[in-house]
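Two complexes follow with chain A in common, the first pairing it with chain B and the second with chain C.
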Partner chain A sequence: MNLNLELMLPEGFLLISALLMMVIDLVISDRQKNSFFSNLSIVVIAITMLLTSGTVSMESNLAFNGFIRKDLMVVLSQLLLLISGIFAVLLSHNYIEKFSLKYKGEYYYTLLFALLGGMLLVAANEFSTLFVSLEVMSISVYILVALFKDDYRGKEAALKYFIMGSVGAAILVYGFAILYGLTGVTTYDGVSELVNKNGVTLALLFSIALVAVAFLFKTGAVPFHAWVPDVYHGAPTPVTAFMGAVVKVASFVAFLRLFFPVFVSFAKNWTPAIELVAVVTMFAGALLALNQNNLKRMLAYSAVSHTGVILAAFVTVPALASFVVLFYLFVYVFVTLAAFGMLSLLTTKGLKGESAEDWGGLYKKSPFLALSAVVIFMSLAGIPPFAGFWAKFYLLTALLREGFITLALAVVLSSLMSLYFYLNHLSMPS
Partner chain B sequence: MSPIGFFILSALLFGIGIFGIVARRNVISLFFSLELILNSANVLLVGFSKLHQNLFGEVFVFFVLAVAAAEAAVGLAIVVALYRLTGSVNTEDFSRLRW
Partner chain C sequence: MESYLVLFLFFLIALVVAGLVPNINLITNKLLKIDRSVKEKYEPYECGIPKIYPLNRRYFAFFYVVALVFLLFDLETVFLFPWAVAFRDLGILGLVEAFIFIAILLIGFLYAIAKGALKWE
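Moving on, here comes the complex of A and B:
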């Protein structure tokens, strides 16, 4: 049993810097706040990235008596989270310049706290750590969504997100309580050992269902997707980009890291359910996006559809699944940040850009932006030379190799359906 | 003493909480129901902690309590901000985000 505090250096640095920013916020004049804090946040995140790269190692190390595990997958996803954090800060700077925000310092350090929560969430190796870091991330994001002044949409989105997210978290704790009751320990290693020894029982399946429901809430899979369009639409666009990237990556990696070490020995009991949810999610997202006029809502439904595709990768064997999911998330994060970043840019330039009609004639006004829109949408749809295609390609290869032919067909079909609405948006007449 | 009483209490609280989330339209009642679900998990954790004769469950309860308090603070702040803009705490009035 050992603490291994040096492994926690990046998280510790991020936490202390965010706390210091709360103090600096008191002494700095309001006019300088926006540029000062955005620069400071970028520096802090960059240093955290350097420190995180220092903890890369091929074997897995435990810290805090086994409550935190750091292996290659954790460190890579932490770096991915930090990169998306930098992009979110860059987007926020211009957005805050344009729209009035009274709490500039608060915005940036809340964003850093959300990043910290995400970093701990992917590294968690114990139930209470997982729960607390999930809530650190979620509560910070609720604040970010609601922070802008006189912004009714943001407040409504925050309330909806808050209620759905908190119900998910409460259900998660209930599932963890049952798992603790079945095994008497709370670390992943202890639980997986005892669960394997005791075999599959009804109570165990019930607790897994509760935990899975909580994660499906967070990732926005179909029976629990109702909040996604409202929240993505209502939130300020840089925060939407942050949610689409950081929250999604952290929840998916935590989902994967909880289910694969702990429940993998009876995977055949729960993979059919995940498979069903995945197929329903990818088709529902693609169908609901078809006649969306608002671009943010369309991207939200496309995010739901992508969630389904990522969930489909969960049914392949452990090694393949972690690789495929991580690679898909890697590509998805950059494309999502680009899509919402472009919307944010269009809004701050006064081009509106949220409803589809505003896009007519964009090429005449700004050819570069119009071309990037084409690249981003083609990448989201998975057209060959772009990154989105390679993510889907690896996913399909993994599915075919494990013999899930119908699932692979479903992925291809839903991609074709989503191609329709991406192209529909691109072909708006001016 | 057998911990069966804890389990029954916890299941009841969980059921009432879920019912409240689904049936109620007042945001404050929704918060009550949320706290009920969280506390049903706490009761369950304490009961199992007694059964297993170790303290993991009891410590977990403290974390859940702290998080629930933070969550209630942020949630009520959001409701106050919304009440200032709309003058209502009924969820049916918060449905402008469409299409």
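Moving on, here comes the complex of A and C:
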């Protein structure tokens, strides 16, 4: 038995605080709930961040008999998740003040449960742990999308997301079942050892394909991207920001951590598929975003395009992928939170803010907001002085160093295409 | 090792069967059915208690909340059975974990009661 419970201190603290918030929610009066719970959630997430930074170490440690692995990449991505959680809570407070929400306490602790699921998802080192934490995160997000009162669009989005997400989860479990059948173990280390010994078989490739499909679904890559615009558009804006940041980071890191140690020895079997999906995704996202009038839908398609760019970095496995993907996600999270936070701010201030025409004359009403919109969109498009450029720069450097010149060209071309719709939104006449 | 290809074969067969079965059913049903429609055939209990009111009358929508509360205890039982089977092997750690699990479910039950899930109006 090798429990190593002290490694699980941050997750345990988050779980216990969220459960306590459930109990507190039942006793305090409804009027003070919003500010009380938003303050409490920020304190809880901040303490969890402190505890998480306490578990930083250069070597990798196992907990729960090898079901959880914590190394530098895990802890860094957990911190990233927690930071985006704080921003989501900050956005939510004013949005809840403006729009009526009957379940205020529920909103905040469901957000914390989603964060807990994300934290466990990136740390998972075993198939059933991965699946359960993925479901904890996904189900919490379904609830968050549907929670606002009289919000028909949100409920529709939640139902669509729920049905599609269940199919994705079923595909994931089917892939895991075949892997378990091939090897008889469920920990990453055991599976990778046995799979390397047995070599490539049809059943193995089939199971890798199923698992990859489930993760491509969660990250919103092209053949499985149909839910992204509907759900991003229908969800309340702070929840959209949360989804764009937390769900994306957690799924990508879990994807990389499953494929990098376990299937890396067959990289030449699955990287061509990922490469193809990446190219199709970045172009489809950029093309579909061209004609969107609704800003949330436009940002959703741009998220699809960014997914393609991040997937492109996967082909540089094993040398540079972890570094490039994590850095790209680090930049992307802040820009996404800023973009959706901006929309949320405009909505709560009474400007409608969602359709492109509402943005005309924004500079006259609020020069600061207009200028930050310019910065955000330029960063999303990857224009040099901003962070989005450096993320793309490192990604392109990695691709060129590994010799994927056509893929690098595709990334540059899709970025140029996406520049059109970002600039188009900024040049709305008043 | 290769014998696990059976899993894949099983999936393919299931796919074919799933495509065929509903349609075969429809066709054979049309051909083979014996048409003997009498009024009693369409009663809820064909050979039993005669119905006293029409089936499409309204019923209590609140039952879904009760069903959700039932789900809570259903899950509890499902997860406690394997724990009870492996009770001796798990030892004190298993006991503690089972109590943590029950405590978490208890919070859910408290929540359901406080929100009035068991209040009949």
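Definition applied: the second predicted complex is superposed on the first by the 428 of 430 C-alpha atoms of A that agree within 3 Å, B and C clash if a C-alpha of one lies under 4 Å from a C-alpha of the other, contacts with A are read in each partner's own complex, and residues count from 1 in each chain.
The working rule: contacts are C-beta pairs under 8 Å (C-beta built on N, C-alpha and C of every residue); 3 or more make two chains touch, one makes a residue touch a chain.
These numbers come from a predicted model, not from an experiment.
J.: After lining up the shared chain so the two structures overlap, which partner does A:Ala177 touch, if you call chain B first and chain C second: first, second, both or neither?
T.: Both partners, chain B and chain C.
J.: If you tally the residues of chain A touched by each partner, is the higher count for chain B or for chain C?
T.: The partner with more contacted residues on chain A is B.
J.: Determine, under the contact definition given at the top, whether A:Ala203 touches first (chain B), second (chain C), both, or neither.
T.: Touch status of A:Ala203: second partner only.
J.: With the two complexes superposed on chain A, say which partner A:Lys218 touches: chain B (first), chain C (second), both, or neither.
T.: neither
J.: Is A:His306 contacted by the first partner chain B, the second partner chain C, both or neither?
T.: neither
J.: Could you tell me if A:Lys296 is touching chain B, chain C, both of them or neither one (first, second, both, neither)?
T.: neither
J.: Just chain B (first), just chain C (second), both, or neither: which does A:Val185 touch?
T.: In the superposition, A:Val185 contacts chain B only.
J.: Using the superposition described at the top, list the residues of chain A that contact chain B and also contact chain C.
T.: Common interface on chain A, chain B vs chain C: 174, 177-178, 181.
J.: Of all residues in chain C, which touch chain A in the complex?
T.: My answer: residues 1-2, 4-5, 7-8, 11, 93, 104, 107, 110-111, 114.
J.: Can you check the complex and tell me which residues of chain A touch chain C?
T.: Touch list, chain A to chain C: 1, 3, 19, 22-23, 26, 174, 177-178, 181-182, 198, 201-203, 206.
J.: Within their complex, state which residues of chain B touch chain A.
T.: It comes out as residues 10, 14, 17, 21, 27, 30, 34, 37-38, 40-41, 44-45, 47-48, 51-52, 54, 56-57, 59-60, 63-64, 67, 70-71, 74-75, 77-79, 81-82, 85-86, 94-97, 99.
J.: Considering the complex alone, what residue numbers of chain A touch chain B?
T.: Contacts found on chain A: 127-128, 131-132, 135, 139, 142-143, 146, 150, 152-153, 155-160, 162-163, 166-167, 169-171, 173-174, 176-178, 180-181, 184-186, 229-230, 233-234, 292-294, 297.
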